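Okay, so here's the structure we're looking at.
Chain IDs A, B and C follow the sequence of writing; residue 1 opens each chain.
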Amino acid sequence: MAKQVTIDAKGVHYTPLNQQIRKAVEDGVDEIVVDNVLGQRFIGNGLRGNATIRVNGVAGGDLAMFMSGPTVIVSGNAEHAPGNTMDSGKVVIHGSAGDAVAHSMRGGKVFVRGDIGYRGGIHMKQYETQRPILVVGGSAQTFLGEYMAGGLLLVLGLDGAMKAREIGSGIHGGEIVIRGDVDEACLAAGAKKLPLTDEDRARIAPVIQEFAADFGLDAEPLVKADYTRIVPASARPFAGKYTWE
Amino acid sequence: MNSNFGSMPLRYRISIDREQCMECGRCVENCPYGVFRWDGERILINSRNCTACHRCLTYCPRDAIMLQEHPCDYRSHPVWTRGVRESIYNQARTGKIILAGMGSVANLPIIFDHLMLDACQVTTPPTDPLREPVELRTYLGKKPSKLEFTQKPNGDVELSTELTPNLMLETPIMLGHMSYGALSLNAHVAMARAAKETGTFMGTGEGGLHPGLYPYQDRMIVQIASGRFGVNVDYLERGAAIELKLGQGAKPGIGGHLPGEKVSADVSKTRMIPQGSDAISPAPHHDIYGIEDLPQLVNSVKEATERKKPIFAKIAAVNNNAENVAAVARSGVDAIAIDGFRGGTGAAPRVFRDHVGIPIEVAIATADRELRNQGLRNEVSLIACGSIRESADVIKAIALGADAVYIGTAALVAMGCRVCGNCYQGLCSWGIATQRPDLVARLDPDVASNQVANLIRAWTLEITELMGAAGINSIESLRGNRDRLRGYMLDEGLLEILDVKSVGA
Amino acid sequence: MCGIFGVMDKRRQMMDGSGIREALSMMNERGSGEGAGYVAYGIYPDYRDCYALHVFFDNACENKAIVDATLEQWGSIECDEAIPTCDQLNLKVNCTPWRYFFKPDASLAPGSASPEKDVVTNLVMQINACANGAEIVSSGKNVGLFKASGWPEDVADYYRIQDYEGYIWLAHNRYATSNPELWERPDPFNLHDWSVVENGKTTTYGANRRYVESFGYNCSTGTDSEVIAYLIDLLTRKHGLDINLAIRALAPPYWDEIDRMPEAEQNLNRALRFAYGSATMNGPFTVVAANPDMMVGFTDRGKLRPMVVGECGDRLYIASEETAIRAMEPKVESITRPAAGEPVIGRVAP
């Protein structure tokens, strides 16, 4: 039988809170419910294993940074940089999130039902079997996928038009897929637009289905929708800037 | 499109004394830049490819090879120097930013050379390090500002202040952060062994930690740079300490690019990026856009490693250095490395290398003073880096307020580097700054580690002697002890900034 | 640098300082315990027609005499007293906070459209520029600013801000980099109508300072928010820009964006950048500013600092972190994160 514990985070500083979570994981707990979270940072930080952590409230900055394995589900919003430098595991945010979501993420998944702030997916990168996935249900802001070096960044735009400009500035790996058309003027230097092929669609369909299942959405129309795919124009976006002495 | 510049004057000319030459061909084998080639019976020379790495000279059994720098003169001119003119030709041809290897070549005075050390004469005796202990042991990390005690029922006093983790160094000289990728694995292994043998530490740079270095991991300071290459929780747990690289003296305010051709299979594993892809380190950490974000990253790393390891931060020395250091000192880090503008690098834009930043001597002195003024000196240790060339520089840096130093270029020179400044070509003939297997194999880690260890030992001995002569038998008594320095031909403003008196005073 | 918080009630319903204290202390991770401050509008209804001058004296004897004499020259003091304080264990008191309720003599600024404010501006510049042991930290009608070196809770309890009721509050949690001991250094900064808190640090302090100083302002504290308060006063009161345009001058669009605008808008934006190039602020910042009629928030054009906006009934909140808003308003109705170039402007009903 799955082992569950509940932790009340009301008024608890993040260090003892993380110690309690870490201890629960060491004790073999499968599901850790953390209630009354109000801005505590670093939840799930550097955590290994495959426990599920349910964060009830608003998660503070650097949620699941360096995390390697667990699943973190946030009922509310998250602040700055959830999924920062994450290795593997999954972060599901039912609300919205701040700037620099999934910064430098190397593996695992970050699903945000609402909007994300500026610089979402900045410098995401992939390695061997590790391929990070960031899916945004709502909209993303400017500098989306800046310096992106790998992985998949998917924006579904469920709540209205996409706001991002300067998309894929300095992108040199990975792909950004956005529902609907994206104005050429919104692409940054180094990024180029491609139509979504059937092969691409087949690749993203399971991701959309998983996202839809997590948030109770109907996947079918989303899988069938029109998407724009944005990829690097070159693997060496800055090579042309320099000469040797 | 062609330019009308044609052939530029040679930078170096290689000549062979044909009477001495026995045509053994070692120069042809040793030069990776293609200066020498066989043409039937004869060795031909293409001086244009020469980098002055000296590999051919070193391996010529007859001393038959000679190198001359700037064999062709320009009309001399004090304003329109050779360097200025050649940069214009380059940029007129390419329209690009000029990159250059190694540290600053700007012809500016070196403050270290204008600081004289003290020695005891009549009022106090010198210490003789041969028969009396002179302690160089250095602890890096937070020190308590005040101790708390509890009295036990039996009357014994017990310390209740908990000490936070510190690194223990046998000598205040550490090997600075130069990444695997920029350097070869053999160079890294050599330095790691030397660090272990001499009881000090080595920085990984931002290239991750190669499994070949795991045996030395308790002597490694693992670095987190803006690109986050090779950073995961396993990496953080392996290091003895963790350093956040916020800036670099050779190129303050900008990031770096490791070109895809240097990302070999092994480098790719360590950096955790695909083979052959560019490794781009952005200028800022994109999760630090304001000073209040720095404690967030520091605490994030501390939480991930359960607060068991000291966290360092490295910044470049620039304007308002003292304020920057005080800000970093409040972030919860345990040590701050300050990198002066003469710091080395594999490649940096020439305009940054020669024009941005301030000297390490000034940066350390102002940092130490400001931290003391703000009551923060015990919060952090200070590490001076960026052009520490000899033991006298180490001792002067400590007297100006550092706890320890990082050496970089000096350690490379100890392994054979000739400071040719062509690291970026990836063809280092000494096997130091290259990934080409045949070149890497030239550097024997056993031999090279011994040379690096020897350098550290020799400097340590010299520092011991200098301290003894000054009547100081513990390194912390030297730290910030500017009274033991005098400025020679430094202007009044600078003396005041350094808080050092003039010679004669 | 730091963490900021602002709240405004559109119908001038009063809020005491306890909720603001709670909200600000939620962001202690953003501060270093060496500076916090609060400013509130509407706290002095009994003296609503007077300029309330909050002054820090090195000592209340000789320093005060100088200020008394200067004020008497420029107008009349209706009342003055020590600001009530309550010693806190962790707060090192190194000055005496005092307040004057002052009526400037408008005839001393002939020809001015806002003579009283000119007199008060000159007074503030004159007193703060001199090494006279006195620093005027706020100078508006029905406004008071309370700040010190310490954690937000200690600073709030020292001034007993729960005893004040205002309809707009701004607050600031400082991460010190220099002079942690100086009580005048933390935000907020105030000049009569305008108060400013900033999260960030501009890279244009030197250029902006030289610009405002050419109009007679004098920057004495070396902080961004002082310059920003003067810039807003200059642009809105002296140059007649409405607040939207003033913010646009301080944080203008990129040329690329301007190039894509319809012609009239393009001309306007180009003209703003031409005229106010030296007032343009660069580098990372989120600014929240207030005057008796409004509270505004805006970020740098690259959106390098966070700004979270909350709304609940008549209340508008702007903060560095959502949790600060939730600490004061657990049932907040909407939380948004406006884009760069989209200033948040909340106006109080007339």
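Note that a contact is a pair of C-beta atoms (placed from the backbone, for glycine too) under 8 Å apart; a residue touches a chain by one contact, two chains touch by 3 or more.
Computed from a prediction, not measured in an experiment: that's the story for all the values here.
A.B. asks: Which chain's mean C-alpha position is the greatest distance from subunit C's?
C.D. replies: The most distant chain relative to subunit C turns out to be B.
A.B. asks: Sort the chain pairs by how many C-beta pairs are in contact and tell me the top one.
C.D. replies: Looking at every pair of chains, the most contacts join A-B.
A.B. asks: Where the centres are mean C-alpha positions, what is the separation of subunit B from subunit C, in Å?
C.D. replies: That pair's centroid distance is 44 Å.
A.B. asks: Would you kindly tell me how far, in whole Å, the mean C-alpha position of subunit C lies from that of subunit A?
C.D. replies: Chain centroid spacing, subunit A to subunit C, equals 37 Å.
A.B. asks: For subunit B, what residues touch not just one other chain but two or more?
C.D. replies: 296, 299, in rising order.
A.B. asks: By the touch rule stated above, which residues of subunit A touch at least two different other chains?
C.D. replies: Where subunit A meets two or more other chains at a single residue, that happens at 41, 80.
A.B. asks: In subunit C, what residues contact two or more other chains?
C.D. replies: In subunit C, the residues touching two or more other chains are 29.
A.B. asks: State the interface residues of subunit B toward subunit A in the complex, per the touch definition above.
C.D. replies: 87, 90-91, 93-94, 96-101, 227-228, 231-234, 236, 257, 259-260, 268, 272-274, 277-278, 280, 282, 286-287, 293, 296-297, 299-300, 303-307, 349-350, 421, 424
A.B. asks: Along subunit A, where are the residues that touch subunit C in the complex?
C.D. replies: 38-39, 41, 58, 60, 77, 79-80, 96, 98-99, 115, 117-118, 141-142, 163, 185
A.B. asks: Inside the complex, what are the residues of subunit B that reach subunit C?
C.D. replies: 289-292, 295-296, 299, 322-324, 326-327, 330, 370, 374
A.B. asks: For the complex, give me every residue of subunit C touching subunit B.
C.D. replies: Within the complex, subunit C contacts subunit B at residues 1-3, 29-32, 175-178, 180, 199-201, 284, 304-305.
A.B. asks: Quick one: which bits of subunit A touch subunit B in the complex? Just the residue numbers, please.
C.D. replies: Its residues touching subunit B are 14-15, 18, 22, 41-42, 45-46, 48, 61-62, 65-68, 80-81, 84-85, 87, 100, 103-104, 106, 119, 122-123, 125-127, 130, 146-147, 149-150, 170, 172-173, 235-245.
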